[in-house]
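Reading through the structure tokens given below for one structure.
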Amino acid sequence: MKAWMIDALGRHRLRLGDVEQPEPRPREVLVRVANVSLNYRDLLVLEGTMGSGRAFPFVPGSDLAGTVVACGEGTSRFRPGDRVMSTYVPGWIDGRQLGSAANPNGMTLGGPLPGVLAEFVSLPEDWLVGAPGSLSDAEASTLPIAGVTAWFSLIEEGGLRAGQTVLVQGTGGVALFGIQIAKAHGARVIVTSSDDGKLARAKALGADIGIRRDGDWVKALIEATDGHGADHVLEIAGGSNLGKSVEAAAVGGQIAVIGIIEGLDLAAPAFPLLLKQVVVRGIFVAPRRAAEDFVRALDAINLKPVIDRRYPLAALPEALAHLERGPFGKIVIDVAE
Amino acid sequence: MKAWMIDALGRHRLRLGDVEQPEPRPREVLVRVANVSLNYRDLLVLEGTMGSGRAFPFVPGSDLAGTVVACGEGTSRFRPGDRVMSTYVPGWIDGRQLGSAANPNGMTLGGPLPGVLAEFVSLPEDWLVGAPGSLSDAEASTLPIAGVTAWFSLIEEGGLRAGQTVLVQGTGGVALFGIQIAKAHGARVIVTSSDDGKLARAKALGADIGIRRDGDWVKALIEATDGHGADHVLEIAGGSNLGKSVEAAAVGGQIAVIGIIEGLDLAAPAFPLLLKQVVVRGIFVAPRRAAEDFVRALDAINLKPVIDRRYPLAALPEALAHLERGPFGKIVIDVAE
Amino acid sequence: MKAWMIDALGRHRLRLGDVEQPEPRPREVLVRVANVSLNYRDLLVLEGTMGSGRAFPFVPGSDLAGTVVACGEGTSRFRPGDRVMSTYVPGWIDGRQLGSAANPNGMTLGGPLPGVLAEFVSLPEDWLVGAPGSLSDAEASTLPIAGVTAWFSLIEEGGLRAGQTVLVQGTGGVALFGIQIAKAHGARVIVTSSDDGKLARAKALGADIGIRRDGDWVKALIEATDGHGADHVLEIAGGSNLGKSVEAAAVGGQIAVIGIIEGLDLAAPAFPLLLKQVVVRGIFVAPRRAAEDFVRALDAINLKPVIDRRYPLAALPEALAHLERGPFGKIVIDVAE
Amino acid sequence: MKAWMIDALGRHRLRLGDVEQPEPRPREVLVRVANVSLNYRDLLVLEGTMGSGRAFPFVPGSDLAGTVVACGEGTSRFRPGDRVMSTYVPGWIDGRQLGSAANPNGMTLGGPLPGVLAEFVSLPEDWLVGAPGSLSDAEASTLPIAGVTAWFSLIEEGGLRAGQTVLVQGTGGVALFGIQIAKAHGARVIVTSSDDGKLARAKALGADIGIRRDGDWVKALIEATDGHGADHVLEIAGGSNLGKSVEAAAVGGQIAVIGIIEGLDLAAPAFPLLLKQVVVRGIFVAPRRAAEDFVRALDAINLKPVIDRRYPLAALPEALAHLERGPFGKIVIDVAE
């Protein structure tokens, strides 16, 4: 079967190789991969910024949707023919995240654990979730990281309610899920971007207000909310942008720190954090149970993930280049013909 | 009556003046002040770093304990003879803090609102709480900021439970309350200081482990907890120390940002925040209801606040100098003879 | 001015009298009442089942919308011309409900406190909330009890999320708000009624599934949810119906006990409560802050309350008779011409 | 090896038989049982009131402490020599309980699943928790049901804080753990019993107030708390006693329904539940993660479980008779010599 892989760090080393199709071991199921969606972290993993500890040859990719084709001994959750999607943090079923201060758990699919950009993968059945019946495989492949992260941040950890204001930064995968999920719960959504065209598309998707990122967006947001501020922030940029998010937050506002695009070092002023009792929360996707609840929600609210463009398996390099330029929503690889 | 005041910014301008004794207006009660405890913010308010908007002559001081001596028209919560203590954020009774993103609420007693370093003060009855029967006035005067902050951070917002590990930074007023409150709930307490004598005294007060702040205290903490890390952190230093607190935090650890001694700009690395799902929470003392619950707790658990030293009213400058050097616990002014 | 009143217990004693128009005392505002919506409790108060402690002549009615026409001394929250609505539990601003085990707080507007079925009322400004700009006065008058109860139960206490299943019992005021609020958050709604016509109208309003109350509705509900059960229940019937709600609840399901139509004595089987970790919560409307958040939500989601019928002021007896027969939604009195 | 078993329902059918020692299958560990503690449910399971679905011959008993003596293939959590204790609801690791409305999960150790009153048991390693280093095997054997239930109810679900009032009904296993756990968190504890001697022993254990159950204990409790009522109730009796617990609850009080000694049908008045916003919560022990946190707490707070009496393995019938009469704390069987 075909699989993308690298034999050493470096995106330029990616090669589409032929490898033996895996067999499901006990408690594993064999999945024929239909689609893989890309995430910004795939770029970081290929270059070594994330995913340290991987073994070579290394297959990248974290998010799959596909169909179970065989079940190993001792499996019970799935049967051949079931449509499934992956989860990002294997073994985190529900409740508290794994790991400790001495050993924070970063064992995730697609780096350092082997990834899914292959025609077949065999995974422990506990690492999979049934795909939503209301979505295609391409759409379902966008959920495991981007969709679940927006859901867990805003809804489960944030407790979002109708009438609250949500600030979504940018128009990438998590951001667009944030817009859609927040609107489906009756919130008012403000999106920031440095591209007028993307702001217009975000508004067409449901965002109430678009603000240019390159101006004083904090002031604009506070004015647009009659002084109230943002009850929820999806902090996708990171770095010192966190400080602006703290300034923009409402009293009791909650900031979900998700992204690191602007840097690995967060910075923020103390006074507004204190006076407004702002909460800043590190988010590392979510436990499997949250993905299952999200799937149930998707089927109920008819939310369709936004795919900017689909690429054939052979065009992974072009797809990654598109990802790097900043898509509007998700980039998806068609693994199966 | 006597009152400390400044006519312009600057601690050196403090003068003990004679002013007319106030009369209680409608809904106010007149309090004979027995004791006032000092807080690090008093230094900042006198110099202008905090409390902007004050009117001169300005009376400093936020924390009082005393006795109601007269009740204005329309009062019902207190009667003459009742022992009371102040609350720091007037009007915040319960639930969500006041203010908005456009106007964060910093209207606090002792700057910008007039303070309590006077023999009598007349305050709206809603701004007061009954003092705990188990404490003296000097002890009760230490509660409104330091005690209530530690209580609200660890117990109400943090949900502290027996068996969890609490990191308390330093040995000032909030820190020692943190040790005592955490121990009263069965937690394991780690305290950091750069003074071996203070570490020894903190352990005598109940702390389980003392760690030198001037070494690699994060590593020492992680080892001392068998890798687990700190479930709760009272972040009293602020600035870039927050980053160390994030490193020291357990999975799901909660950091209450309270202090700004090391700087107004918080900084922390993103990866451990994300991987461990750490929560960072701005704390601005607490609503009045929390002070009332804390008073009930104090009477139940027999916790005695630690007063490093008491000074007579005339010795406020010496008391402030002691505060600046870093006391072990609280500094209290004896206002009444 | 005109006001409805009784001089002794008994609905048949209602009379539309002429009384002096009130003047706003300090901290009060005078409100010209536009509309009053009726609640099932009005019937109980008039007969003495609820509201003990009232003074005669007693004016019934709890829910008003109207316009501020004059402001007493010391007011600051409203100005003449502001549109307002009442709150049901005066003095409960935010956080924990008032009262104690010895004295549970039942001091509510419209019994035992004087009610609002009058052309003008003067109320402490703290007892009022700004009415939503997106609703008419007649619509706004339906919010203080029925709307706020459904909001607080499902959203604030229940933490409702998209994809969850909500069981709404009946098609009265709280029930229809429950349907609308739940749908606005992406939930799946099941409604029960013994009237096929009302089930059809509830589905037209957004309910996903209608089930006849007179059959084995628990079994029907469990089947309709593929065995999952109801994540949230608005328990409007009370009495032994609670037992059926417990049987119908999902694992971790939450039941908000709101109504007492079927009896004052709740009964339920222990085993399903234990095995499914069901939570049963007494709901007594909500604090004012919740009403304010609900108003903000209403303006965001364009929810229009369902008014079955409006009656002129003089027709209160006919309106109460309609209420007793069981309306579809709310009954509203036009107080102003 | 020896094991107690029944071949058909009925406590009189218990026999101490000789059966083959089990071998650990994949993912299982073999445990040499040191002690088994008894629970009231053991009586119900033997008679058929609980545990339906069991296979005969059936070995009763849910709570074990012992030592791992062999590890099956694919195990990683334990090594031979590790001291362990059982968990009551196998497979419930963290977060939401298993099962659904159609199939509530009652698959518990000791009925319907085979129990642990045997010299050796082989169990999936996921069903076990490391025993606390500070407790003996006999003490550790009391934790899985009684200790964990009290912990989860008061601390995890209830969020108990110092200064709150806890009502513990009776002096059985869960009740005494409730007293000890509540005191370790600074609460004030009220215990009810119809036996003055047991009240005295409960007070010696830390309870602040003892009230006779056979008088008007609700009135006595309200007076003893100056009208406040109980913030937390361990509802161990069940049946119509729940109604008294609701009357005794404080505003916002939380009632954990645990026991069914007084009947399977819960009953309570609606008005106090509503006015005080009381929360009633079904408790079915807890997930494994809670047991692990409780073990950590035990090691921190030096809590020693109260064992009324220990019996040799052969004396199970006498031990069950003692249990039926109502012990003070736990009854423990010494399985190993």
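As written, the chain order gives the labels A, B, C and D, with residue 1 at the start of each chain.
One rule holds in what follows: a contact is a pair of C-beta atoms (placed from the backbone, for glycine too) under 8 Å apart; a residue touches a chain by one contact, two chains touch by 3 or more.
In UniProt terms the chains read A, B, C, D = NADPH:quinone reductase-like Zn-dependent oxidoreductase.
Note that the structure is predicted; figures quoted are calculated from it, not measured.
Of the chain pairs listed in A-D, C-D or A-C, the one whose interface repeats that of B-D (more than half of its contact pairs identical by residue number) is A-C. Taking A-B and A-C together, the chain pair joined by more C-beta contacts is A-B. For this pair, chain A with chain C, the centres built from the Cα atoms lie 40 Å apart. Shared contact sites, meaning residues of chain A that touch two or more other chains, fall at 96.
Those residues of chain C that touch chain D in the complex are listed here as 96-106, 221-222, 225, 227-230, 238, 247-253, 257-258, 260, 263-284.
Interface residues of chain C facing chain A in the complex, by the touch rule stated above, are 155-156, 159, 161-164, 181, 184-188, 293-294, 296-301. Contact residues on chain C toward chain B in their complex (touch as defined above): 26, 93-96, 287, 289.
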